[in-house]
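Look at the two complexes coming up: subunit A is in both, with subunit B in one and subunit C in the other.
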Partner chain A sequence: MMIKKISKERFKKLFDELKEEYNIAAPILKDKGKEKILEYDFINDFDQIVWDRQPDSSPKNIIFPQNSMLGNDYKGSKYYDDNLSTIIMGVRSCDIEAVKVFDQVFIEDDSYIDDSYKNRRDKTIIMGISCAEREDSCFCDSLGLDPIESDYAPVYIFKDEDEFFIKIKDEKYEDLFEDLPKGDQAQLKALKKQRKEEFKESSFTLDIPTPLPEKEMFEADIWEEMTEKCLGCGVCTYYCPTCYCFNFFWEGEDGESTKYKSWDSCMFSSYSVHASGHNPRDSKGKRYRNRIMHKFSYHPLNYEGLACVGCGRCIDRCPVNLDIREALKMTEEYLLEEGGDESGKD
Partner chain B sequence: MSNYDSISQEISEIAKKLLKESKVDKVIGFGLGRFTKEITPIFIKKAEDADRLIFNKNCEMSLTKYLLNYKGEKVAIVAKPCDSRAINAYLSEDLIKREDLVIIGINGCPGIEGNTACEECNIRNAVICDYSVGQEMSEEEIQAEIEGFEDEIDKMNQAERLAYFQNEFERCTRCYACREACYVCNCEQCFTDSNKPKWLGESVKLNDNFTYHLMRGIHMAGRCVNCGACEMACPEGIDVRAFAAKMCSAAEEIFDYKSGMDPEQKTLLSEYKVDDSEKGFME
Partner chain C sequence: MKVEKTDMLPQKAEIIEIKQETKTNLNIKTFRLRFKDRSQRDNFQFKPGQFMMLTVFGVGEAPFGFASSPTEKEYFEFSVKEVGLVTEALHNLKEGDIIGVRGPYGNGFPLESTEGKNIIFIGGGIGIAPLRSLINYVLDEENRHKYKKIQLLNAFRSPEDTLYCDDYEWWENTENTEVKYTIDEPCEGWSKCVGFPHTLIVEELNYELPDTRVFTCGPPIMIKFVTEKLRELGIDPAEIITTLEMRMSCGVGKCGRCNIGHYYVCKDGPVFTLEQLGEMPDEY
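Now for the complex of A and B:
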């Protein structure tokens, strides 16, 4: 492990050095009609990066783009070169944990390795960033994550006003940062301690056994009420950093076609329609059940950890403000009432 | 113009009374979430919960579409003037039953923050209601509110319009929040979900995004009530309302038709008069 401490100017210089050899993606403000939204994109200019708040979208679009014409993903981006590896800067604990979920499913699962994801992932270096403040809707710590530091990123940034500690945990990347001035470990430790103490407590606590009991919750009668206000659009899934459902299809004209991979959403009514026309998830409640159960039951049963990272984007972005924390509280109340305190794990 | 606080209070009182006297099974309105201070649709079943109902500048959702979920139940609904027009449209299309419905209509609607539809809105009083809240606005007051409004897109030439919409629809992820938020979009199967014929490609590309928004726009003729719920729902801040709004003004200009003004009104496309103008939209 190596700790460095640099000024903003030095970081800018480092950025300019790195961009010669890497594609760099980071959160930048983008014009979206009347408003500006903080999103990850490939960039060329250090000063564009916004460090101080949680981006409105996760870096999912970088590591798992909405459309990929297999093997040719970012053709449109000016600052992306397919021959180079990519550094994603300023990724928070929640989004780092989400990458772990993707890795578990697409790479580490023995039954199948997704080559297009693996190729991209092998060429991606995540530079995490420590959270300094809680957003209204985020609750990663209620799910057992640490907003101050995640173990899953090989390089981690701790921004302290205009100075940056850089902690390099994976020696593979030490070369990149070798020339930088050394940082004091005790000082970093103190900063982390202070941050932990000052971090506002979450108004939400997860008091249910996970994995959620599969059969009991599947048959529970709370789902329709829970989704009474749900519109049935795909916003929560598209902006969710861990939702990874996708579709394959061929598309083209004039005798030529290309194989595509695109995001899908379990919240769409057409998601699980059978060829016969039968739809096993023919209501919003059943579809939302799948979303919650995938994150809090099926994923932890099959892999490790939850598939919800508490980033809160589904809450912020939902057109009717359907709150996953409320859904979990309803689940908790249901389980208490029904006496089901057994988790789904054997 | 009415103020939000007094509207909120009036709504709560009416809802409390309706629930106490068992006149309705539930009241659909706006309230705050359990963990956030954001406005969210709430469904009140008990009189003691009626105080949760509020109305403020962030009550941007159109609640009308929820009515389709409660066939056979008696429900009360809080309706902004635009939502009351949507209710009329549902009644005229026989999608809901008047006797199952209690409408708490807002008069003198003070508008919704960030909703550009409100800037051009000239229907500021509920057009159908059982209980009205707020202060009715006179025609002069309404005209004063919208005075000076100019449609920016109308001023653009063809090339500028194309560039404008390209820039907008490039951002579309086709999450279909606009469709789901829209009261008009209640087809059993949307053309976007049809795979025989297949109208749209699965990948999210500009030309398919255009197809989606244009086709949705065309379907809005004589149906859109210009509530702006689509625009408010869009997570990418796209001007998704533009085509529908154009359809509204075209219907008004060509056929003197304004949707949802009367529950007996026939829908634009189901009515034909010999002396109808044949002015084409493309002219």
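Now for the complex of A and C:
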């Protein structure tokens, strides 16, 4: 492990050195209609980076593009070169843990390894950033995550006013930061301790067994009521850092046609409908049940850990204020009342 | 531009024969395919019960279970019922046309553990297609000796809707093999069984032979009634085997849509025993 401490000016210089050898993606403000939205994109200018709040979307689009043409490289930006590796700067604990979910599904599950994902991921270095403040909707710590630091990123940034600690946890990347002035370990420790103490406690506590009991919660009668107001717009899945469902599309004629891969959403009725018209998930309640159960039952049964990281973006973005925390509370209450106390397969 | 490595792009296969299966209602055709590439043709292996993703270029891709047996080395077949976008586009193709194929995917029927057993096949309509892959495999002269008595109950809506008529003579004339056919309602000139398959099990099939394994596939409602009847008759749910269909995109358990609880039909199935289905949420 190596600890460095640098000023903003020195970081800018480092950025300019790194961008010669790497694509750099970081959260920047972008115009979306009348709104400015903080999103990850490939950039050329250090000063564009916004460090001090949770980005409105996760870096999912960097490691798993929303649309990609199969058989071709990902060309998302003029600041992206397919021959270079990518550094994603300023990724928070929640989004780092979400990358872990993707890695589990697309790389570590040896029943099928997604080569295009693996290829992109092998060429990605995540520079995490420690959270300083809680956003209104986030609840990662209620799910057992640590907003101050995630072990899954090989390099971590701790921003202290206008100074930056950089903690290099993976020796592989020490070379990149070697020339920087050394940071004091005790000082960083003190900063982390202070952060932890100052971090506002989450008002949301959760006491559910995970994996959620598959059959029992599947059969629970809470889902339709929970989703009465849902519009089925799928925005929760698009902003979700762990949602990875996708679909293929063809364009063009015959031999000239191109196959695309695009994000899909289990909240769409067309997602699971058969050609015959039969749909195993033919109501909003059934679709939302699949979304919650995938994150809190199916993923933990198939892999390890939850497929929800408590980033709260689905809460921020939902047009009808459907709140996953309330859904989980209803689940908790249901299990309490119905006496379900065993997790996993029942 | 650099090419991104992926096996999600299909290989090219040629349609070497199209057979119109159903009569007045022309909605089921069987496509006989082979790879364009010779080495692919020679190296291709699959198991009955597995499926392929078929692509009509520019239109889309959908999963289809093999309808032919892997003992046929020169080609492989799929029976396609015209119901949606991809199946309609497939029906519009002609012999010599090229389609995309990728796979095989899925677990397939249990072959080894079925050896030494009596087998009953109960199939309905297009649901006979995946069973035919196994039927033709076990009835193949190389394999027939591995199995005891084999009984088939093939159900169709009407005589106009029968499938695989060219196989009947061979099936019926194979030793220790009995083949029954039924249609939904009585019809002039039809002398075989009449009625839904679950109502015929007791009368027409010798289900009480020890060590019997049943394979069934058909419309969801038929599978439901048949499996319920078999269970009622005391057949071990672990010996009742069916194959499911679901909307799929990837075929390898990643794109999400075909899950039943934490199982993916494409990867953990599509073949399941009734015992397994009993443990899974009722979401199919």
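We adopt the following convention: the second predicted complex is superposed on the first by the 336 of 346 C-alpha atoms of A that agree within 3 Å, B and C clash if a C-alpha of one lies under 4 Å from a C-alpha of the other, contacts with A are read in each partner's own complex, and residues count from 1 in each chain.
In this text, contacts are C-beta pairs under 8 Å (C-beta built on N, C-alpha and C of every residue); 3 or more make two chains touch, one makes a residue touch a chain.
Given the structure is predicted, the values throughout are model-derived calculations rather than measurements.
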item	value
Clash or fit (per the criteria above) of subunit B with subunit C on subunit A	fit
Subunit B versus subunit C as contact partner of A:Asp82, first or second or both or neither	second
Partner chain(s) touched by A:Asn67 [first = subunit B, second = subunit C, both, neither]	first
Partner chain in contact with A:Glu251 - subunit B first, subunit C second, else both or neither	both
Which superposed partner A:Phe106 touches (first subunit B, second subunit C, both, neither)	second
Residue contacts with subunit A in the superposition, subunit B compared against subunit C	C
Touching partner for A:Tyr238 - first (subunit B), second (subunit C), both, neither	first
Lowest C-alpha to C-alpha distance for subunit C against subunit B (Å)	5
Residues of subunit A at both interfaces, subunit B in one complex, subunit C in the other	247, 249, 251
Contacting residues of subunit C [partner subunit A, same complex]	1-9, 55, 57-62, 83-87, 98, 220, 245-247, 249-250, 252-262, 267, 279-284
Partner subunit C, residues of subunit A touching it in the complex	68, 70-75, 82-83, 105-106, 109, 111-112, 114-116, 119, 214-215, 218-219, 244-257, 259, 261, 264, 266, 271-276, 278, 280-281, 286, 290, 293-294, 297-299, 301-302, 345
Contact footprint of subunit B on subunit A as seen in their complex	32-35, 37, 66-67, 69, 136-137, 203-204, 228-229, 231-235, 238-239, 247, 249, 251, 260, 262, 265, 268-270, 315, 317, 319-323, 325-326, 329
Contact footprint of subunit A on subunit B as seen in their complex	33-43, 61, 65-66, 69, 114, 116, 168, 171, 173-177, 179-181, 193, 201-205, 232-233, 235-239
